[in-house]
Amino acid sequence: MLLALQSLAAYGSPTLRWGADPSGGAPYVYADPANPQTYTGFDYEFAEALARQMRMNAEFVPTDWESIVASLNRREFDVIINGFEPTEDRAREMLFSKPYYLFRLQLTVRKDNNLISSLQDCKTSGKSVGTLVNCAASRLLENGGYIVKGYQDPVGAYQDLELGRVDAVLMDVAAEMFYARRNPSLKPAGKPFHTGAYVVGIRKSDSLLASRINTAIDSLADNGTTERIFRKWQLWDDEQLKLRTKGAETYDMTSRTFNWTEGLIKLLKAAAVTVFLAFGAMIIAVILGIPLALGQSKGGRITRTLCTVYIEFFRGTPVLVQLLFLYFGLPVVGITLPGWLTAIVGLGLNYAAYESQVYRTAFQAVPERQWQVAYSLGMRPFKAFRRIIFPQAFRIALPPMTNDFVALFKDTSTAFAIAVWELATAYRELANATQSYLGIGLIVCLYYLAMSLPLAHYAHRLERKLQRKSTGILTSGTEQ
Amino acid sequence: MLLALQSLAAYGSPTLRWGADPSGGAPYVYADPANPQTYTGFDYEFAEALARQMRMNAEFVPTDWESIVASLNRREFDVIINGFEPTEDRAREMLFSKPYYLFRLQLTVRKDNNLISSLQDCKTSGKSVGTLVNCAASRLLENGGYIVKGYQDPVGAYQDLELGRVDAVLMDVAAEMFYARRNPSLKPAGKPFHTGAYVVGIRKSDSLLASRINTAIDSLADNGTTERIFRKWQLWDDEQLKLRTKGAETYDMTSRTFNWTEGLIKLLKAAAVTVFLAFGAMIIAVILGIPLALGQSKGGRITRTLCTVYIEFFRGTPVLVQLLFLYFGLPVVGITLPGWLTAIVGLGLNYAAYESQVYRTAFQAVPERQWQVAYSLGMRPFKAFRRIIFPQAFRIALPPMTNDFVALFKDTSTAFAIAVWELATAYRELANATQSYLGIGLIVCLYYLAMSLPLAHYAHRLERKLQRKSTGILTSGTEQ
Amino acid sequence: MITISGIGKTVGATPLLSNVSMEFPAGKILGVIGPSGNGKTTLLLCISGLLPFDRGSITIGVTSITAEESSLRSEKIWQFRRQSGIVFQHLHLFPHLTVLGNITEAPVHVSGKPKAVAEKEALALLEKLGIGQHRNKYPEELSGGEQQRVAILRAIAMNPEVLLLDEPTSALDPIRSGDVRNLLQDFAATGHTVVIVSHSVRFLRGFADYLAFMGKSELIEMNRTQQLLENPQDERTREFLHHSEMN
Amino acid sequence: MITISGIGKTVGATPLLSNVSMEFPAGKILGVIGPSGNGKTTLLLCISGLLPFDRGSITIGVTSITAEESSLRSEKIWQFRRQSGIVFQHLHLFPHLTVLGNITEAPVHVSGKPKAVAEKEALALLEKLGIGQHRNKYPEELSGGEQQRVAILRAIAMNPEVLLLDEPTSALDPIRSGDVRNLLQDFAATGHTVVIVSHSVRFLRGFADYLAFMGKSELIEMNRTQQLLENPQDERTREFLHHSEMN
């Protein structure tokens, strides 16, 4: 009821609420560097112009790209204006306006690369191509059977191209102009190709609104506003003339028919990567956590301070940032690790800080007298720890460690930022492709559960076994 | 070695590689709106003329304004020709040619503004003045103690002036001519003043090149080429006559400031949201964790199963999915929570599962006999728990709880998925806007640390206090 | 009146108690003796209602629990537990509370006694056993004998109908154990029943009204102290008492 | 030869030990008696090298530590600690190891004895104290007296030069405490020094070669057992012994 009223209000009122993801970056919609409280970008200016043309006020609603269609249908805003491309799967859920801009794709390679001069070259020589996830370029590449590496933002893609982690990058000319053209170590390969369109996305039920928007788009094209805007952003080219002469038939609508079997297998592969990352990282964390814990609780002044700094730093800053730092920062000092190794090392270093705290409690929960008894029997600290303290502490540490391990399965998803393709990345790709966020989401949840449940079960059994072997401080007690 | 060869090649060869930032906009160097693949601008034309005079071919190397001097010294190009002003700090790193153009500064105000007719007026009436960052104007204003607002490009500055966000704008006449002169709602205030110079920037080691360029600049001025170019761009005035008579004695030292203040404030606001979400969620988690832990370890069959299912579900599936489910799923059954509340509830439910495991260990680490003693003294389970078990267990639970709380600060970033604007979202926006991923990333890390460090510190102090109040199982022991 | 009828308790294949029955009047002191590992502690825990048993039943005054009830969390078992207080062999003081806190915790938070009153009473008891000066220390800051006295006072402070003590003077020197003896005698004189497990026949002689001798998991014999000591019926009792005289 | 020269230990403002000096030959049994809370346990811990003290020094054989050394983690303190074994008043068995594991842990993993040998030796000792059948149980499955015997054997199994025992028979019946007495006498007979804190003067009479009587934080007197018992020099000793006879 309330929602229906809101929607009506959106019609009657002079406000056009439009959604876009400002984190997508320039030049679409982004926070104005000069004045970070406000936004700018060609989509921003176009939306303003569109609303003005319709005698409405534009209200920008920042949203998330991944779920932008779902948010539209939740009526969080009325239209999507965000370099939004029409696709067949999206067409099932929404209406598209006429195109307001025709984009083309540009392949970019490193300056010194003379082998790749077209997309075809990438295929024949088995080179990897980076692009954004869930866009015309990614679909084109996937349908063409290329080795694709999906990125969340153009910066990462071009940076990896520079570092040689991918061999080419395919991107909208708009993004390419903004992010790659000025980069002296990159160069365009071949001419722009594959015309696509940016359209306004509208809810299926709002066909009235759709026709008003189409009229407005035509007017803006006719009165030169569109040209002025895109000229200002240096994105105007002769391609755009087609906007006035022909209808919306000029662009290629990329489509992907979704094959469930293939999708599930794809998820399975991604899950295997996730498990691999999690186990690798946990091994590092579990081992590195011990010296950190002992250093912090029994070390001298300096050791103690160093351990505390390590712990608070790695625990206190986002693992995503740590991964980015390792991925883009280490190459500066000459160490270029592949993404998966960076993810394992980064997550391992991060979780070691957490494990150390778990161990510390566990060690301290073992009565100090147990150390003394061990000493009186001639043990040195290391042996006393290994033979007497550790076995008792392990039982106490096990449930929080299980917690961390389960959390780690999901934290591997941060590896997407350094372009490691794992379960969460696969989810987003597939969900976007099918627009079936709920369905695929549930399946992905099952995959995660399929990882964590056996782990939790095994940990629980181990816990009980240790309990039966009774570590005393945990005596069950009801039996005498 | 290789670099030196390249540099030599640049001499011997008939190519003058000159760098400029085309995104700086008209009228310096910019992509030709009529033909976006090529560039135009007075600097572009002057560079072409200069090279021709030196019998070289000009090759334009687009670069980034921020790092233009660094790029010059990295030998990405040979000279800078980009409305480049000589300053003392730059002088330490490079050579300057003679001036090829003398610019002046022009103050602009809104048409209806009759109060400001000189820069002095701005100061006396406390009005804010907009300008570009890191230029002669900004340096002048900062030294003069004006209220300055720095912009990245002239468009933004004049736009804000129109919108009343600043009261005046001070800019090179070149920019003022291009962006403001034709704007009907703006007008110049007073006459141009403060003569400055545009020079060619050259590497320190290339003094030979510098003298060749100086000779060429003189020739261009003498044979009228300079006048022709700047006349074409309507930038010629009598001031330029000094070019032939005088040198460029007036050097200003400018210092670069990005609009950090505003960016930092934006991040600060976002950080406050993050803290709010984290505290809200932690309160739910800490409280809800207790019945879950007791239910799982001491409850009957059914309670135990229910608790385990809850725990494994919430722990085993990604919190992001849980949030999306609450946000998009709950409205289906008629409960529409705002985003921030969904985030608090969702994160709280999720972390309760983790806390329950932390508690369970802690409870089990308290000897079962302590329950029995409590029972024998007439306590019922609830009272025994509250008065006897909990105080002893709390000490053991504290470090893992601190872990979780610190992790929660960062997990609030998942709230971006349900359009809650918090620290991580703000980071992405600003980083995209400024392209300063590293810089802003480090700042965001500091913000996170500023949240987690006090927390960790306080937790550590509490831990020590509890330890001194000696919960026995943790007896320090060395003192008898 | 405490009546124990045929209780049995087995862990794994080992019987800890087999068919133990006894009966003795309220307001008296019962001493339990017997070799180490014969089930004395187990018996005490069963009487306290803290340890579920497999067979038989136990009656204290008018409340009784059967083997089934002993392992359920019923209202009945809570009531049954409330009648008795216990001093464990390993003490199990509350490590997070001071001496005074240990003793006043239950009177204040279970019986609802005003804190000041409870503390005054506790202090009087502490002085009686010579550890008044330690009232604000935490258990780990006490010597073994001091801890033992605190544990005794913690149980007595709740004024239970039946007081069960498991070797309460093992860490006490002769003077202090005399103090404890007097305290317990006074306590019994006010109509409370006291059951005390001890290895020291000397300690129980002239103090306990009844003596029970535990053989391996079973009750061998029980009688008035005088009679059991002077005229033991069973060979095993005789041998045990003989050794006690010797050492 | 054990020499204790003027050691002192203070916690907060409370002196636990003040200027305690004593000397006695190796291969003998020293009994330490005295009222509860007078520093007997503290003294034992200092001799073992586990508790740092503030003043004085302790010499065992040729190794000695000073007050400063007692609180440092030097090679010397580890060597010093190695000479003595201790049985704590509260036992502190390893809860994660079986009875056999508790006893063989150090011989196998510190001395490097083959496991089979260590277990055979441990089993012989267990049988001697009558708890061979419990060898595979975990400490919490044992009765108080059984635990106590395991703790004694754990210390003896390392064959320390000096064995320190803190009320090692408090939970044992007369027969079992007789067994322990024999075991310790045999141990001393092979040239080991035994220091034993006990509340039972009866237990020490005819067993300890020397007796030391601890007053409040200080050593009142020390002498051959016979002489101290028959001819105590100090009033406090006399009173304490008098009470011991009484109870």
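For clarity, chains are labelled A, B, C and D in written order, and residue numbers in each chain start from 1.
One rule holds in what follows: contacts are C-beta pairs under 8 Å (C-beta built on N, C-alpha and C of every residue); 3 or more make two chains touch, one makes a residue touch a chain.
The structure presented is a predicted model; accordingly, all values stated were derived computationally and were not measured.
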Exercise. Moving only from a chain to one it touches, give the least number of moves from chain C to chain D.
Key: 1
Quiz item: Hey, what chains does chain B share as contacts with chain D?
Solution: A, C
Practice problem: Report back the single chain whose CA centre is most distant from the CA centre of chain B. | Solution: C
Quiz item: chain A to chain D: how many Å between their CA centres?
Solution: 65
Quiz item: Hey, how far is the Cα centre of chain B from the one of chain C, in Å?
Solution: 72
Quiz item: Which integer distance in Å separates the CA centroid of chain A from that of chain B?
Solution: 20
Quiz item: Which residue numbers or ranges of chain D touch two or more of the other chains?
Solution: 11, 41, 90, 141
Exercise. Indicate the residues of chain B shared as contacts by at least two other chains.
Key: 367, 369, 372, 473, 475, 478-480
Quiz prompt | Touching residues on chain A, where the partner in the complex is chain B | solution = 2-3, 22-26, 30-37, 40, 61-64, 66-67, 70-71, 74, 76, 153, 155, 177, 181-182, 184, 231-232, 234-237, 312-313, 315-321, 324-325, 328-329, 354, 357-358, 360-361, 364-365, 367-369, 371-372, 396-400, 402-403, 406-407, 410, 413, 424, 437-438, 441, 444-445, 448-449, 451-453, 456, 467, 473-478
Self-check item: Contact set on chain B toward chain C in their complex
Solution: 367, 369-370, 372-373, 375-380, 383, 387-388, 391-392, 469-473, 475, 479-480
Quiz item: Which chain C residues qualify as touching chain B in the complex?
Solution: 48, 50, 78, 81-82, 84-86, 88, 90, 92-96, 105-106, 109-111, 138-141, 154-155, 158
Quiz item: If you look only at chain C, which of its residues touch chain D in the complex?
Solution: 11, 33-37, 41, 89-90, 131, 141-146, 166-167, 170-178, 181, 199, 201-203, 240, 243-244, 246-247
